[in-house]
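Below are the structure tokens for one structure; questions will follow.
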Amino acid sequence: MHLLDIRNLKTHFYTLEGVVKAVDDVSFTVDEGEAVGLAGESGSGKSTVALSVMRLIKPPGKVVSGQILYKGEDLLGKRIAQFDDVRWKEISMIFQGAMNALNPVYTVGNQIVEAITHHEGTSSTEAWKTAERLLGLVGIDSSRAHSFPHEFSGGMRQRAMIAMALALNPSLVIADEPTTALDVIVERQILDLIADLKRKLGLSILLITHDLSVISELCSKAVIFYAGQIAELSPVAAMLKEPLHPYTRGLLDAFLRIDGEKEKLRPIAGNPPSLLNPPSGCRFHPRCPYAKGICSTEQPKLTDVGGRLVACHLFTGAS
Amino acid sequence: MREFVLKRSVFMLITFLVVLCLNFILPRVMPGDPITHLMGDVRLPPAVRQSLIARFGMNKPVWEQFLAYLANTFRGDFGVSFSQYPKSVATILLERLPWTLFLLTTSVTLSTLLGIYLGVIGAWRHGSRIDVGIQATGLALWSMPIFWLGMLLLYGLGYVLGLFPMGGATSAVMSYPNTLEFVKDVLWHSTVPILTLTLGSYASNTLIMRGAMLEVLSEDYVLTAEAKGLGQNNVMWRHAGRNAMLPMVTVIALNLAGVVGGAVFTETVFSYPGVGLLIFNAIQAHDYPLLQGAFFVVAVTTIAANFFADLLYARLDPRIKY
Amino acid sequence: MSKANVTRRQRVRSTLQNASAFLKTFRRSKMGVLGLAIIVFFIALALLAGPLAPYPPKLMGAGQPFEVPSAEHWLGTDDVGEDLYSQLLYGTRVSLMVGFVAAFMSTIIGTMVGLISGYFGGKLDEFFMRVIDVLIIIPGIPLMLLLAAYLGPSIWNIIFILVFFGWTTIGRVVRSQTLALRELPFIESARASGAGDMRIMFTDLMPNLVGIIVPQAILSIVGAILGEAGLSFLGLGDPTNQSWGLMLYYAESYGAFLRSAWWWIIPPGLCITLVGIGFTFVGYALNDIFNPRLRRRGA
């Protein structure tokens, strides 16, 4: 059984301008001990997937249909009060830009302790001990537990967030752009930290990012997201060696390879699509160098290509 | 934090000095003769007038007058009241101030609490009928002149329903059997004035709290708190509310001046024997020394209250570095 | 056709287009339309007070004292038999006039101070900000009363006092907006092309400030009307004039309560409240149009 099994998830936003289909029929799984990377451009809908799993979608957004199975149980079927028990204990989240993800009026230690005492009813002293241990785990001196978030640097805040996310020994950690707001050096440290913790604690991770290099480091499986839908789902190694979907190819081409030949950077032509009014047929077709006639009329279904999934007419066997 | 306190202390001091100087300058620049304004009224016997003129140095050069004024002010000597001669201004103020302070403290507290509560609820359920209802009532009450609100409440609750007295702070009895009776009587008389002042001032608190809350609710740390499974109430009050309250403290401080004004109107409508009614009566009686003294006392009280609000803010916000 | 004419034509056309687009958006705001309707209603009352009033407002003995509302006296009479409906109508004029004039003058002063303070910055800015801070802390009403006691009851004294305290809000708002705009590239380029400070302030900055000035100005009318009503209620109003606040002063002082004359107590206050709500609605509606708040999306 998969740890996390997302089936045909649809999350839409009913705005004044129309319906934004941020997540439009998305399915993938995360197994125990696995790190899955969800990649896509800004505004592609990938954060919405994470928020849907944590059921943090606010109006005008709504999870329209689909199932989110965690250890076999559909999370969407639970009442919020019940779900509050699952939150953080089983699945926790590291938010993008911990600058604002930590409450400025409480100390960092306090915020970790809060989660522990609320869910497990442990005494305050015990909880503080755990909090200090967790901070130590992420490389923050325990004496800093009584500092406020604004007294931490960006990298330290991110570490603190990680410590907080691990407070209740969750099985699944969702990391939403954990390193986007950090500089390269700090990014390196955080990535190493996450890899280390994953190994030590046997965590399962759903990593959301626009940076394929981050995925290639930490994850074993990659889900390439485009315009609210999955373009390609594949083991990372195979994806890097031989990207199937033209979008994936475009993404890889847009990044420098430190070991490859000196090539020109080739960004993907065109602009990110509107989720309000997505292009007809295959949503990538306006920017695709391989687009055929059928691409603008019919949406390609996810096809199995040697154990990998691609949504592209190059592989659907259509002419 | 210490720097912040220092900065604010200096500012408050400057404001106090401005008030001090204003109090000195006004009777001397306004149309009419300062001596007549401050001590030359016919209701005072000539001997008293002479002694006042001497005490305040009115026949000396201006800067000597100013020094005399400063010395007298710090001694608590504001002159003698025209309309309530032989009482000194200071004596009268001392009698009346406690009533006003009582009125103000209770209504500011109540309107703050009410404003916070309704603001949080309104923001949490923004767009709902509760929210619209809260905003509409708030708007209506804010647009009402507070003295009219008082008149309506006095008329309805006092005259028509007879539930509350028609005015005053106490019944016209000579003495009370015990303290409890006294307290009950005072509370009975103050209920409608406090109600008026609270209803008249809570609306802006609600609006600000709601606005601050809406902004805070869109912050990531609120999402984090929810993700931690802490439950709706916890997130709403402990995480969002706590942050949204910070701008509230500032706003309450800013509104203090307005509330004091409201107290003047309320006391007038209810014949409540505080400094507000005193000002009203003093105007009618052309009792300038009393007016000046009352203004001074009211201004200083407001400045002090603002300063305490600043200290409170510094205490609540760990980010204060300045 | 000369080039100048064409440009002017284009400018007129685009202004008209902007105006009609604005009107369309405004019409969509239920709050704004309702508020405008209220304001127009009261302005009409003010203008038509003469023909509409059945009696001269200060005619003692137009009816019996304390008459209950009837066909002859729609709002009854006061303690000396003056017709209250007529008083109410004429009172509209004073209340609206004071509101408009005081708000207008406050806006001018506040805008000037805010613009200069925000644009030049430095010591000048600090000075003005301190002044505003001090004015805000000092309790306005007691000081207003003190000044009014010295200056005597007159419409212009009231307006002066209201303006003396009323300019601070707009001053602050304009200043912060000026500060924000000052850093923008188009100001930089104007300066680089040699435009003088005056020109920059009035030709470049001002049009961008109108969006916040106008709603604030409308909202400040409410404060002015309430202020005038308050001062009049306390007996500092001009007795030769008619105003709603003054009506309530007389009601309070001449026994409206004792005689249960609800028809004297309720209408003037109700009018003040309605006018206040009207301007507040319009002010909020304009604020929403000119300064739409960003809506948060999740994607």
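The letters A, B and C name the chains in turn, as written, and every chain counts its residues from 1.
As a convention for this text, contacts are C-beta pairs under 8 Å (C-beta built on N, C-alpha and C of every residue); 3 or more make two chains touch, one makes a residue touch a chain.
On a predicted model such as this, the values are computed, not experimentally measured, just so you know.
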- Item | Contact-richer chain pair (by C-beta pairs counted) among A-B and B-C | B-C
- Farthest chain from chain B by C-alpha centroid distance is chain A
- Task: Give, as an integer number of Å, the spacing between the C-alpha centres of chain B and chain A.
- Result: 53
- Message: Can you work out the whole-Å distance between the CA centroids of chain B and chain C?
- Response: 25
- Task: Quick one: which bits of chain A touch chain B in the complex? Just the residue numbers, please.
- Result: 54, 56, 80-81, 83-89, 92-93, 95-97, 100-105, 114-115, 118-119, 148, 150, 164
- Query: Which part of chain B faces chain A closely enough to touch in the complex?
  - Reply: 219-221, 223-232, 234, 239, 242-243, 246, 316-319
- In the complex, chain C residues that touch chain B: 130, 133-134, 136-143, 145-152, 222, 226, 229-230, 233-236, 245, 248, 251-252, 257, 260, 262, 265-266, 268-269, 272-274, 276-277, 280, 296
- Which residues of chain B touch chain C in their complex? 11, 14-15, 18-19, 22, 26-27, 30-32, 37, 139-140, 142-149, 151-152, 154-155, 159-160, 166, 218, 254, 256-258, 260-262, 264-265, 268-269, 279-280, 282-284, 286, 288, 291-292, 294-295, 298-299, 302-303, 306
